[in-house]
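The structure follows.
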Amino acid sequence: MSFLQGGGLYGGYGGADILHGCSIGVDKGEVAVVVGPNGAGKSTAMRALFGLLDLREGSVVLDEKDISRLPPQERVTLGMSFVPQNANVFTSMTVEENLEMGAFVRQDDFRPTMDQVFSLFPVLGQKRSQPAGELSGGQRQQVAVGRALMTQPSVLMLDEPTAGVSPIVMDELFDRVIEIAKTGIAILMVEQNARQALEIADRGFVLVQGQNRYTDTGQALLADPEVRRSFLGG
Amino acid sequence: MSTNLRNILLFTIMGALLVAVGVIQSANVALAILNLCLISAIMTLGVNIQWGYAGLFNAGVMGFAALGGLAAVLVSFPPVPEAWAVGGSRAMLGAVTGALSIVLAILAFKMIPGGRRLRGWAAAAVALSGVVLMRFILDPAVEAIEAVEPARTGFLGGLGLPIVFSWIAGGAFAALAAWGIGKIALGLRSDYLAIATLGISEIIVYFLKNEDWLARGVKNVNGLPRPVPYEIELQKTLWVQELAAKLDFNVIELSSIIVKLSYAGLFIVVLAIVFWLSERALKSPWGRMMRAIRDNEIAASAMGKDVTWRHLQVFVLGSAVIGLAGAMLTTLDGIFTPASYQPLRFTFLIWVMVIVGGSGNNLGSILGGFAIWFFWIEAEPIGLAVIELLTSGMGEDHALRLHLIENAAHTRLATMGVVLLMVLRFSPRGLIPERGK
Amino acid sequence: MTDILNALVLLANFVLVPGLTYGSQLALGALGVTMIYAVLRFSNFGHGETMSFGAMITILTTWWLQEKGITFGVLPTALLALPVGIIATVVMCLLFDRVVYRYYRREKANPVTYLIVSVGILFILSGLVRFIIGPQDRVFADGERFIMKARAFKQMTGLDQGLAIKTTQGVTVVTAIVIVALIFWFLNRTRTGKSMRAYSDNEDLALLSGINPAKVVAITWVITGALAAIAGTLYGLDKGYKPFTYLGLVLPIFASAIVGGVGNPLGAIAGGFVVAFSELLLTFAYKRVIAYLTPGDWIPEGLVQLLSTDYKLAVSFVILVIVLLVKPTGIFSGKTL
C-alpha cells in the first residue's frame, strides 16, 4: 500500500463510467506518472483521487486513512494539493496573492514557504506584484505549482502541467518537479508528453479505457517494446 | 387525457372564482376583472412567444404596451385642425428629419470605410447633428401645437378612425419598435438583454410622458371613442329598460354590465385568434425549430440555423402581440395615461403570469394571466379581510390595527413575490407545463 | 476675471455639487450590484428595494430616537440610526439567501433563473416596505440644513453667484469616501477580502485552495446589505424617501455598474459618477454660464440646453443602452472583484 493509493476505481461524471477499476498510487519522494491515449480517463482518475467526482466503487487511502468520502477542501487540509490543467491561476490577482490564496487553509506563518517557492521559481519573485494573468504560459504554470506548494502538501497532483508550453520550459518544469520530489513530497502527474515524463518517473501507469494496461517503473516502461510501439510512438 | 382533465379542472376553478366574485361582490366587479384577465392573457401570450418558445428575456413589456396605447390615441382621436394648421407640417418635417438622421447614422456606420471606432464616431456625429437640426425644426412647431387649447388638446390629435383599428396599429407600432430594438439588442447575453429592454422601455415611456404634442404627455388623453355603446345611451333604449324590469335589475347597473360584456366578447374573439395562431405556430416546423434553438443554441447554429434572424422574428411577433394587448387596454380604459406605465405592473407582473402559468405553454399563459390578475385585484379585499380577522382582538382604533388596515393593499405585491418564488421552487414548469418535455 | 469665477461657481453649484452627491449614491448602489454579480454571478433586480428596505429601517429608528429626544447635533439623526438599518438589511439579505438563493446555487441554476428569482424578491420587499411604512413621501433629514449657504458664500467672496452645500450632500460624499476606502482596504488587504476576489476570479481553483464558498457568499451578502442600507439612506436623506423611487433607481444603478464594467468595484464607482455627471451636464441650461464667459452684455436667446430637464433620468437609460450595445464589458472590462 502506497502513501496515496486509489484502488479499483469506478465512476464518471454522472453518465456512463469512465473509470473501470484502475488503481493508482504514489509514495513520498516519488514521481508517479499517468500516461495513456486520449479519453483513457487519466485526468478523471486523478480528479477521482482528489474527490472531484463521485466514485461509484473503489477507495482512496492517504497515509493509511480512508478518505474516499471526504470533500476536496478537507483533502486539502490533510495535505493533498491539486493543480488543474486549465484556469489554474487567479488571473486578476498578483503572483504573491496567488501564493497567499494557496496558503489559505494555513493559520501559521507561511512566509518561509513563500520564500521557498520563490527560490524554486526565481522568476516569480521578480514578478511577485504582477497580475498572474499577464505572465507567459510557462510562468503561469510555475505560479500554479507554487500556489499548490503553499499548503506544504505531502502529495502534489499535477494535471498535464506541460500542456501548451515550449520544450525548453517543459524540461525546466520537470527539473523542478524532481527537485520538489526530493524534498519528500509525493508527486502524481498526468502527462501527454509520455516519453519525457516517464524518463523522470519512479512509477508509471499506462491507462487504457479506465483500466491499468501497464504498471511499472518509468525506465521499465520506456524499455518495454510493447509500450513503446503502442503508446510512445515507436 | 389526465392532463386534459387537469387543465379543464384548473380553468373551471378559475371560472368558479370569477363567478364567486360576481355573487359575493357584484357582477360588475367580476366582469371588470374578467376583461382585464382577458387582456392580461393576451399580453402573457406575447411574452410566452418570446420566452417560452425562444428563451428571450424581454423586460420591456411596459414599453410595447405603452406603444399600443399610443396607437389607440393616434388612430381613434379626431384630428385637431388648429394644431395641424399652426405646426403640423413643421412637426412632420421635424419627425422626418429625425428618422432620416437615424438612417444616415446607420448608413454612416455601415458605409464609411475605416475601423469600428472611426465609424462609431462618425455615426455619433451624424446622429448628434441630426438631433440638433431636428430640435431646430421641431421646437417652434411643438411650442405652437402645445399652445392650442392646452387644457383640452394641445396636440396634433389622431386620425379619427374607429378605435378597433388601433389594435392592429398597436401591434404594428410595437412590431416596428421591436424590430429596431431587436436588431441592436438581441445579440446580448440573456440578463443584459433584460436590462437593455427594461431601459429601452423606460425611454419609450419617458418619451410619451414628455412629448406633449404627440399625445399630451402626462396631461393624458381623455374620452377616447369606444367600440361599444355608452351606458347613458343604453339606459335610454327600450330593450334595456325592459330587460332590467324583467330581471329585476337596476337599469344603470345593467347597462354597465352590457357594456362590459360587449368588451368581453370582443376581447374573447381576439384572444381566441391569438391563441389559435400561437398554437399553430408552436406546432409548425417553425415552432419546433424555435424550441430547438432555445434548448441548444450552439447546436442549432452549428446545423446552419440563422439563430439571430429567428430570434428577431420571434421578438417582433411577441412584441406585436403585447402592443395589440396594450391598445386593447387603452381602449377599455378610454384614457391614455403615460404615467401609469410602471415596470412593476406592466413588465414584472406579466412575467409572473408567464412563469406561474407555465413557460412555453399557451394554455398555461392564458391561465396564468387570468389567475395572477385575479389575485392581483382580489388580494386587496382578501388581505384586508385577513388583517381585520387577525386584529379583531385589538381595540377598534388600536394604532397598529389602523395602520395595518390602511396599508393592507400593499400585501398584494408581497403575495405576488411569494407566489412567484413558490412556483419557481416547487413547480418550476408552472401550472400547465410545456408539452413534450 | 470675476465673470469667469462667477461662471465656475454657477457650474459648481448646479453641476459639481449635485453631481458628486448623486454620483456617490449611485456608486454605492452600483458597488452592491457589482459585488453580487462578481461572486454570485447574476444581475440582482431586487437591489433597489433592498436599498429601500435599509432606508426604511433607518427612518423608523430615526423616529424612535427623535421621540426619545436623541439627536446628532448638527448632523442628521439618521446617521445614528444607520447601524440599525445596516444590521437589519444584512440579516434580511442573509435570510433571503438561506431561504431562496441557496437552493438555486446548489441546482447550479442559470443566470436568468436567478434574475427571475430576484424579481420575486423585488415584489416581496416592495410590498413589505409599503406595508410597513406606507407609500408616502418621508423627509427625515434634521440637524443643520446647510454647510454653506448661498448668501453666506456671496458675502464671503463678493461674487454674484452663490454656492450652497447642503449638509446631506456633505454627509453623502464623506460617507461614500469612507465606505469606498473601507471596501477597497477589505478587498485588497485582508485575507477574507482576498479570498472573495479569488472566488470571484476562479471558483474551482478557490475550492481547490480550501476557500469555503458558503463563507464567501455570506460575506458578499453582508457587504451588499450594508452598502444597500447606506446608499438607500443617503439617497433618502438627500432627496426625500419615497418607496416608489427606489425601483426607478435600479436602472441608473445598473447603468453605473455596467458602464464601469460589471463585477469591477472601481468601475462601479467610476460608472456612478459618469452617469450622474452625464445626466446633469446634458440637461443643464448653459445660458447664464455663456453669458458670463462672453464679453459684453450679450445673453443667449434660448436656455442653451442639450436636453430638456424632463429627460434627466432618461439619460442614464440611454447611457446604459449605448454601453450595452457598444462595449458590454464596460470601461474597465471587469468580471471579477
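A, B and C are the chain letters, set down in written order, and residue numbers restart from 1 in every chain.
The criterion applied here is as follows: a residue touches a chain if its C-beta (ideal position, glycine included) is under 8 Å from a C-beta of that chain, and two chains touch if they have at least 3 such contacts.
It should be emphasised that the depicted structure is a prediction, and the values quoted were computed from it without experimental measurement.
In terms of which chains touch, the assembly is arranged as an unbranched chain of neighbours.
Relative to the centroid of every protein C-alpha atom shown, the closest chain centre, again from C-alpha atoms, is found for C.
The distance from the centre of subunit A to the centre of subunit C, with each centre set as the mean of the Cα atoms, comes to 46 Å. Taking the mean of the C-alpha atoms as each chain's centre, subunit A and subunit B sit 58 Å apart. Note on chain placement: the centre of subunit B and the centre of subunit C lie 31 Å apart, centres being C-alpha means. Looking at the complex, you find that subunit C touches subunit A at residues 191, 194-195, 197-198, 201-202, 204-212, 336-337. Residue ranges on subunit B touching subunit C, taken from their complex, read 57, 120, 184-185, 188-192, 194-196, 198-200, 202-203, 206-207, 209-210, 342-344, 348, 351-352, 355, 404, 406-408, 410-418, 420-421, 424-425. Within the complex formed with subunit C, the residues of subunit A that make contact are 50, 72-73, 76-77, 82, 84, 87-93, 97, 100-102, 104-105, 147, 151.
By the touch criterion given at the top, residues 42-43, 100, 103, 110-113, 115-117, 119-128, 130-132, 134-135, 247, 251, 254-255, 258, 308, 310-311, 313-314, 317-318, 320-321, 324-326, 328 of subunit C touch subunit B in their complex.
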